[in-house]
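Down below is the structure, laid out as structure tokens.
First chain written, first letter: the chains are A, B and C, and each begins at residue 1.
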Amino acid sequence: MTTLHSLLELGSTPTERRRDRAVRLSLLTLAALALASCAAYLLYDVQGSWSYALSLRSRQLGALVVVGVAIGVSSVVFQTIAGSRILTPSVMGFDSLYVLIQTVFVASLGGAALTLGVVERFVVNAVLLATFGVLLFRWLFRRNSRNLYVLVMIGIVLGAFFQSLAVLMSRVLTPDDYLTLQQLTFASFTTVNPTLLGVAALVTVAGLAALVPMLRQVDVVDLGKDNAIALGVDYHRVVTRVLLVSVLLVAVSAALVGPMLFLGLIVANLARQVVRTNRHRALAIGAGLLGAVICVLGQFIVAHVFGLTTTFSVVVNLVGGVYFIILLLRTTRL
Amino acid sequence: MTLARPAVADRPTAGPVTGADRRGGRVHGRHLLVGLLLLAIGSYLSLSIGAVKIPLGDMFHPSEQQWRIITLSRMPRTIAILLAGAALAVAGLIMQRITQNSYVSPSTSGTVEAAIFGVLLATLLVPGAGLTDKMLIALATALIGTFGFLQILQRVRVRDPIVVALIGIMYGGVIGALTTYLAYRNDLLQLLEIWTTASFSSIQAGQYEPLYLVVFVGAVGYLFADRFTVVGMGREFATNLGVNYRFVLYVGLIVVSVMAATVVVVVGSIPFLGLIVPNIVRIWLGDNVRVVLPVTALAGAGFVLACDIVGRLIRYPYEIPVGVVGGVVGAGVFIWLIVRAQSKGRA
Amino acid sequence: MITVSSVSHSYDDTSLVLDDVDLTLPRGALTALIGPNGAGKSTLLSAMARLLSPDQGAVRVDDLDVLRAKPDVVARKLAVLRQDNHLTARLTVVDLVRFGRFPYSKGHLDAEDHEIVERSLDYLQLGEFRDRHLDELSGGQRQRAFIAMVLAQDTDYVLLDEPLNNLDLRHAAAMMQLLRQAATELRKTVVVVLHDINFAAAYADHIVAMKGGAVMATGSPAELMRTEVLRPIFDLDIEVHEIGGRRVCLYWHPEPATLEAPARDDIHAESSSG
């Protein structure tokens, strides 16, 4: 617990101490919730062989946790870097690019795309997405740093652009290949390859480790570009690094389970509501935990309440879209 | 300034003269004529392209088989293209005027998505639903969807036009997600994708005729042109001029919904068309609906015709759906429009 | 001492916002940058504070090359505040002021840092707003919170872009008084962009007048507050009066809005051209 204490240095006045205690409490609650939902996911309604069910479920659970943590943490820091609560990598057209890459993949390889070495496919996807992401965001942030709405709009239209291209490709697919594509692009936690999961977990941990030392500087970037520079933060270096890490994390999640347009948006904004602080060390932990909770619980509900008649990503898109509109309606500034 | 010039007299005359000059950008009959001519040439090309090549020269004295292909397939297709393009562009124009926002269009405000939702509903609820059933249900959902968007619009706090458009896109996205949810449950996903992407390849005689409805609705739109212009200047402005703001708004709503729903049911959706075409015409001619509407219709028809011809030629003899070509081009042009508006605003 | 040497900058490659500016600002003084809109005041201030890298030229603060030195080294020498500080972050006042210590503490505040933070809160009389969120404050209070952050940065040089924006008359005067004190009592070098010439004349030691990206005149208020100096800078019929030993500019000339007014103007025009 010493790390947690140093992380949440208690303030000097009663008000601040109360606030810091609230932050600590919210983090502990989230951690407990995460553990509880993991346990429920593993143990609820097991039929037949326990060892088989546990090995299958623990793999799915691993994927859910990795995705939740990766999306949660990356979205929250991305929001700060972008200076907007409605900007997440996915909203910026990232997911459509993922679909496009997948479609090109299936179109060129057919059903073989599924059997092709998972690690190779993962690496190709992650590298392509990360490269594109950093290029795109650098271009966008340099070009139109003044109006965030415009950034979002361009991101969304780019998304539509990639989507059109992907549809174009999918039109020439045979129904079999189309099925393959659907399996690849619809986020699915049920078919997780253990090797892939291992690689994804490793990359996620590496990304998080690279992020941690920068989080205090991210706190300052939250004050805006000019103020951050005025306070001696090497703004461009911090932004580039954080972008790279968060894009990598999103790429990991997309390659692991497919696109989840609004997951990051929901997780990051909820995390800011629950963990009421601007210290990104606490915020990132909160977002990571919350991401895991939402993914695990969400998949649990899809499996046990809806009986798998829908997918988690469809539900997330539905809920997330409504939430996004509410965010747009409520905020006077983004 | 010389002594001889009566100083007082030149003031009042200065105003009207420059005012008349500034009106500028008028459509000359010439321009319309050139546009029509281009459209005719394009249509002529469109008639000749297809799996069975009909040489351009043969068009004037076709063989019996060629004539059958032309009347049963090529002619309906070309007419459908022209009508659909014109309808979506005019729907976009009217929508942009009545919401006073140039980033709004049927495909960025839930209208199109709601219509697609209607088509899915019809398929699920009415087994063996014909074109008319689908159209009626799609029209109803499109009306409800667009009305919902207007309701949201009145509750937005940020007046930035881009935010409004974002809300519209997201709103459409939510309806789309709902549609996907239903389609996924009923294994209709691939069908859904075919409906949502406009294609003229399956248009034949007997399947496109409902599109003629847009001509009628378009005429209504033209009758209301001046009122749309006035409403586009704001509620207070319209009230001041004695125009019934709410009534005109609803007329616009119906015109837009009918046009969008009809096109979606018959051919599918062409993203961004209703957004970019009116905007480009607007840059050139301004905001007077009466002046702009015919040109917008022509331009929309021309745009779709061009996209369709390109889609048919890229991978001849296979066809790429016009919605996909239009989507790629439209997204590109839209980004250009945004960046352009941004750099203008900054200067 | 701040030395600006041959700094030029343009935003869109068509027109120069700063056109080969050379300027030296004295230590320990309150300097006001004045000039009409588009004169390049804010751009010059941004360049001095390395918020913007000018296309050409160099800025030195004492012996520090501002554009090349390490960011945190500069941040311990020079503090800057731009005019519009809309934050997406929901911060309390004290949180914001603590960020002023970031160049020293990198986020790990020690006892001394906390003491400096409390001192600048006191200095700006923000005690009662200490734990309030910025978005719950009025524009003037928020402005004071940002100034407190800048003071907590404890730098020899403080650069402010239009700090009187959004302040009513009372708070504007109080702000100028505070900056005056910072220069006199704390021996800080303060540079402010101001729109109101009279505020500049009343509180500054040194005035820099700019127009069209160039420095038109520099000097003490007494040297600059003259009709023949100010008129060409602002293209405005400025009269300078002396009231109670202070020079005050009058630049508004309301005329009775009667129907004869234009006619009389025309007669003027005719007689002067004739």
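Here is the rule we use: a residue touches a chain if its C-beta (ideal position, glycine included) is under 8 Å from a C-beta of that chain, and two chains touch if they have at least 3 such contacts.
Bear in mind that the values here come from a model prediction, so they are computed numbers and not experimental data.
For the pairs A-B and A-C, the larger set of C-beta contacts lies at A-B. Centrality by Cα centroid goes to chain A.
Chain centres here are means of the Cα atoms, and by that rule the chain farthest away from subunit B is C. Inter-chain spacing, taken between the CA centroids of subunit B and subunit C, is 51 Å. As a whole-number value, the distance joining the C-alpha centres of subunit A and subunit B reads 36 Å. A separation of 42 Å divides the Cα centre of subunit A from that of subunit C. Residue positions 333-334 of subunit A each touch two or more of the other chains. Those residues of subunit A that touch subunit C in the shared complex are 9, 12-13, 15-16, 19, 80, 83-85, 216, 219-220, 222-227, 229-235, 278, 333-334.
Here subunit A touches subunit B in the complex through residues 143-144, 146-147, 149-150, 152-154, 156-158, 160-161, 163-165, 167-168, 170-172, 175, 178, 182, 309-311, 314-315, 317-318, 321-322, 324-325, 328-334, going by the rule given at the top. Those residues of subunit C whose C-beta lies close enough to touch subunit A in the complex are 46, 49-51, 70-76, 79-82, 85-91, 94-96, 99-100, 102-103, 106-109, 114, 130-131, 150, 153.
Remark: subunit B residues 103, 152, 155-158, 160, 162-163, 165-167, 169-171, 173-174, 177-178, 180-181, 184-185, 189-190, 193, 197, 271-272, 318, 320-321, 323-324, 327-328, 331-332, 334-335, 338-339, 342, 346 touch subunit A in the complex.
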